[in-house]
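Note that the chains take the letters A, B, C and D in the order they are written out, and that residue 1 is the start of every chain.
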Amino acid sequence: MREALQLMLRIRAFEETAEQLYMRGLVHGTMHLSIGQEASAVGAVLALEPTDYILSTHRGHGHCIAKGADLGRMMAEFMGREHGYCRGRGGSMHIADIDGGNLGANGIVAAGLPIAVGVGLSMQLQALPHVCLAFFGDGAANEGAFHEALNVAAIWKLPVVFFCENNNYAMSMSVRNAFPTELISQRAQAYNLPGVTVDGNDLQAVYGATAAAVARARAGAGASLIEARTYRWRGHSKSDRNLYRTQQEIAAWKERDPIAHLRTQLIADGLLQEAEAEAMAAQVREEIAAAVAFAEASPEPDPRDLEDEVYA
Amino acid sequence: MTSATQPYAETVTVVQREVTYAEAIREGLRQEMRRDPRVFLVGEDIGVYGGAFGVTGDLVHEFGSDRVRDTPIAEEVIAGLAIGAAITGMRPVAEMQFSDFVTLAMEQLVNQAAKMRFMLGGKIAVPMVVRMPGGSGTGAAAQHSQSLEAWFAHVPGLKVVMPATPHDAKGLLIAAIRDLNPVLVFEHKLLYRVKGSVPPELYTEELGKALVRRPGHDLSLIAYSIMVPRALEAAELLANEGIEAEVVDVRCLRPLDEATIVASARHTGRVLVIHEAVRSGGFGGEIVARIAESEAFDFLDAPIRRLAGRETPVPYNRALERSTVPQVEDIVAAARALVRE
Amino acid sequence: MREALQLMLRIRAFEETAEQLYMRGLVHGTMHLSIGQEASAVGAVLALEPTDYILSTHRGHGHCIAKGADLGRMMAEFMGREHGYCRGRGGSMHIADIDGGNLGANGIVAAGLPIAVGVGLSMQLQALPHVCLAFFGDGAANEGAFHEALNVAAIWKLPVVFFCENNNYAMSMSVRNAFPTELISQRAQAYNLPGVTVDGNDLQAVYGATAAAVARARAGAGASLIEARTYRWRGHSKSDRNLYRTQQEIAAWKERDPIAHLRTQLIADGLLQEAEAEAMAAQVREEIAAAVAFAEASPEPDPRDLEDEVYA
Amino acid sequence: MTSATQPYAETVTVVQREVTYAEAIREGLRQEMRRDPRVFLVGEDIGVYGGAFGVTGDLVHEFGSDRVRDTPIAEEVIAGLAIGAAITGMRPVAEMQFSDFVTLAMEQLVNQAAKMRFMLGGKIAVPMVVRMPGGSGTGAAAQHSQSLEAWFAHVPGLKVVMPATPHDAKGLLIAAIRDLNPVLVFEHKLLYRVKGSVPPELYTEELGKALVRRPGHDLSLIAYSIMVPRALEAAELLANEGIEAEVVDVRCLRPLDEATIVASARHTGRVLVIHEAVRSGGFGGEIVARIAESEAFDFLDAPIRRLAGRETPVPYNRALERSTVPQVEDIVAAARALVRE
């Protein structure tokens, strides 16, 4: 759990720094910050083994950090540098850490779900014990790909965990307008899969639900759907003027800060001292500073032989 | 196809109101929606949010959320519902938030919208528009930066429009809305903020008519969308070197105004076809083929050349990204080389 | 109900004749016969007003006849003739009767569903009282389009009836292998729509369920999902060798012939005499013979100006 | 690209076993699946049914329903699962039952499979194959008869294979399965029953290599897929008239063997490019452009011509359908006209 807090702090700090770099004009492109959603990323990934796979989304920094990625290489990718995870070709929306089992963020909403089916099938065919966890947003749950993927994973009993981060909005589209039902997890019934909704800002709730789904998958009993209710504090991307929600609503969710929640809990349970928490935060700040330094020292990629890299 | 006899654009002499490409589109939508109650807009985040690129802006406030209709993320249904509405009396204008997402709507657009009229023996018309921001230059990387127009230019039953100026962005869009066929309009993200003179009233620009944007006799630069302003800029630089380039704005890939293109090729004898899309399989090949098959062939003084996107996905890093797409200096260099051949 | 029987006989006779014409080599192309499924087509369409719309499928002859299409023009289309509904351009898989409210069969599985959403939206925007009923198969219910369409129809409360003809197979894929649940209608819950499963070989059951859904749609209360359980007696198309099912199963379903069922019922209820039933069958045979004669007398279309017909 | 120095196919002199194109594919799949346990097949009705065109036939009996895997009707997942399996150690061979249905899988193939390696900085390979029956001639009408290969030839990251013979159907397929990239194989429905000599053992044909199927000096017929046998038949008829046509089988649209094509154009000075797909925006434009841009340009004695599908969806009626696609007599007529120019 202390590890979880540290990961969450790391994500928060990464995102805040990314935002600053962006504001300072050092980043060309777009970004989708996950501030406020740290518990769902960390809780989900902590329930996995290092050899398990994840598929991430456009809002993927948190997933990637939770899966153990190197912050320097992430930051370098964010800044489009040669030593970034994708050598500056992918950027924020495509950061992947293949060796760490993160098969990549994805710029296309819901696109990871059919791919997750393939990873699950691959594990089943090779009789490997690994599980694939696919992150996706509430918005993604209305794409056709969601339906096809859950159905196929269900009929073949694939070791896949469909993990929906319901942050209440798909860009400006509120779940109230996009869904005819209260719970996204209810959709699991259509595929005869277990479906649960958890407080996505409660690390332990997320961890618990995911651990159960992962155990089920690993035991060969098939896929599950988890809905983690959370909220993004920042706009969808940098062009967002937040016209579709109130400052009040944002403030109310900030009250439910997943990091503060976990920290308070750990201290209350005697698992953490205030001072340790401060030290952790300081350490994370250093890590991020080092990551930025690494990124800034990384060379710009060379445009010359780009064509040679398209095919294996 | 009157262009062959009327080869040059009239020079605008009066000072006109300047608005951006995005504003011109919004104005066109607003005016046509006021005129025709059948017109409605549908897409992701086009309402209160105002569109990912701000194009629909405040339209929802004037027309309400019925006619400026936000959808869930469901591109197949966005395209399909436009068809269903079009064949039962409405005039839908759908938006794909990025043209890359049209990959999720190909079935509806290509198998349904494009073919319905023909398959049903002409018993039906499908008057719908799909607007799509395309192109690179914003650091949005490989899945948000493509130029896929060539796919649709290959599909009988569709029309494909590539406006290069605010004037055309409005006029061609209005024509597209009034057209009885499915029309795809590819807008270029980098053009949205470009200003140009736009008549304040409603007007249409004929679909299927290319325009000679600049006369010249040394070579023809045949371009569309963002490559038109780049070609014009290149032409100015070339003029400083004594090279007079004729710039043809194709404007519409299907139907294609072959006459204007061939006339220009015949006139100058040297042709450089320019587009942002990947070179192989791009629409430039079609343009080259039309010229190579035509009577202009005998008038060519050099091989026809293409300048187009590199054979890679669009990369994220700014310098890499820039290198994958023709820039003004690339056009100048290619044109210079061509006139020397 | 007598009308229903007549329509069902007409469909059966049309299909049998189509099959014969095909066997005799008079038809170039494919066909999907709906023999055995007549009650679902007729029961569903009888619940509609003539001004309502349907969207049909590749297995669409029955829907088209139920909606009141002219048999001669249908047969002419099947034979690729100029006086066919589509002037020989469409064939079996694309027969439409626009004036009759049949917006067309469709060669692409599930493709009618997004279009139905548009028709429903169009009615709602124009404040017209018409309903759109979209036929689709069990196989179609696993396409992404199904999901997107039901969700959007649900959130906007569109006047659409999603009518699933579950004939137990999608080509060779049994519903037992393709679905993780027993009932397809259960999927309605995911969209907070009413969903019912009815005996698709029981005309009155189909009619009743559809009438309720149509009434709901017309009242502005939104969409519904109906699953009609039925069976196709013939192979999927002509290349089908029925390797995926047993003769026994086919025979068992033939015992449940929807036409015989309705006929027996009408006679038992005193609504029909044996002799009348015979006369009806004879009349239908004549109609079909006339349709074939009409088709055969219809000229072949002219290939010359085909390009002129692509655009309006 | 050894073709430029080795321009003619070796003449087969020994009598060989004749099998159909469909059997050749099945044999290739069977042998490669025996050799490589990572290979599996996935698609609709490919198991007990044996495939809509009987291609997979009895394979399920040998390899079981895990490796010859029937799916629900869900093309997006078929494509996506192939990607997921490919990047985690398997070698999936997916089937689209008709190539027209790939319209439902464009997102996965174009945005994911094609770009993944590049976007991730080369950290990953996506060794997958998608087999797709394409083309017209079976009365299947507009939504089951298209030739969409040009779309994919426009997408860096994909390879596009168009086998014209049973020999190539097997050899190119094996090469596609062993290739580390996503490869799309368009099989032509009318070719499935065509017989040809096929070596009984496992062999590969290099991807990206065109073949001169028949030498000649009067003109070049550049074709692929079903248009190759038609061009060869036309060449025989033309020979009777004293016209010696060289027939080039392109075989692979991406990567494209430009050298062989350009060499032939230069050699004969007259070029007719032939494909079934709709002419506008078809891959023929690319071939024409490659020639028009090349050093062969100066050796051309006539405009380059294309013979291709009409600008309509494919109609149902047999005579209408036939009229929309180049037939042998059309090739003969076009070739004859071209040599007279």
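Keep this in mind: a residue touches a chain if its C-beta (ideal position, glycine included) is under 8 Å from a C-beta of that chain, and two chains touch if they have at least 3 such contacts.
The structure displayed is predicted, hence computed values, not measured ones.
Comparing the CA-atom centres of all chains against that of subunit B, the greatest distance is found for C. Computed centre separation for the pair subunit B/subunit D is 31 angstrom, with centres defined by C-alpha atoms. Averaged Cα coordinates give subunit A a centre that lies 41 Å from the centre of subunit D. The mean-CA centres of subunit A and subunit B are about 36 angstrom from one another, to the nearest whole unit.
For subunit D, residues that reach two or more other chains under the stated contact definition are 71-72, 74, 76, 100-101, 104, 107, 111, 118-119, 141-143, 156-157, 311-313, 315.
Residue numbers of subunit A whose C-beta contacts span two or more other chains: 86, 88-90, 94, 106-108, 142-145, 148, 151, 155, 177-178, 307, 309-310. Because contacts link each chain to all the remaining chains, their graph is best described as complete. Within the complex, the subunit D residues that touch subunit C are 44-45, 47-50, 52, 54, 70-76, 100-101, 104, 138-144, 310-313, 315-324. Partner subunit D is touched in their complex by these residues of subunit C: 27-30, 80-81, 86, 88-91, 93-94, 106-110, 139-140, 142-144, 170-173, 177-178, 239-240, 243-244, 300-301, 303, 306-307, 309-310.
Partner subunit C is touched in their complex by these residues of subunit A: 142-148, 151, 154-155, 177-181, 186-187, 189-193. Of all the residues in subunit D, the ones that touch subunit A in their complex are 40, 66-67, 71-72, 74, 76-77, 79-90, 92, 107-108, 111-112, 116-127, 156-157, 159, 180-181. Within the complex, the subunit D residues that touch subunit B are 100-101, 103-104, 106-107, 110-111, 114-115, 118-119, 141-143, 148, 150-151, 153-157, 253-254, 256, 277-278, 280-289, 291-294, 297-298, 302-306, 311-313, 315.
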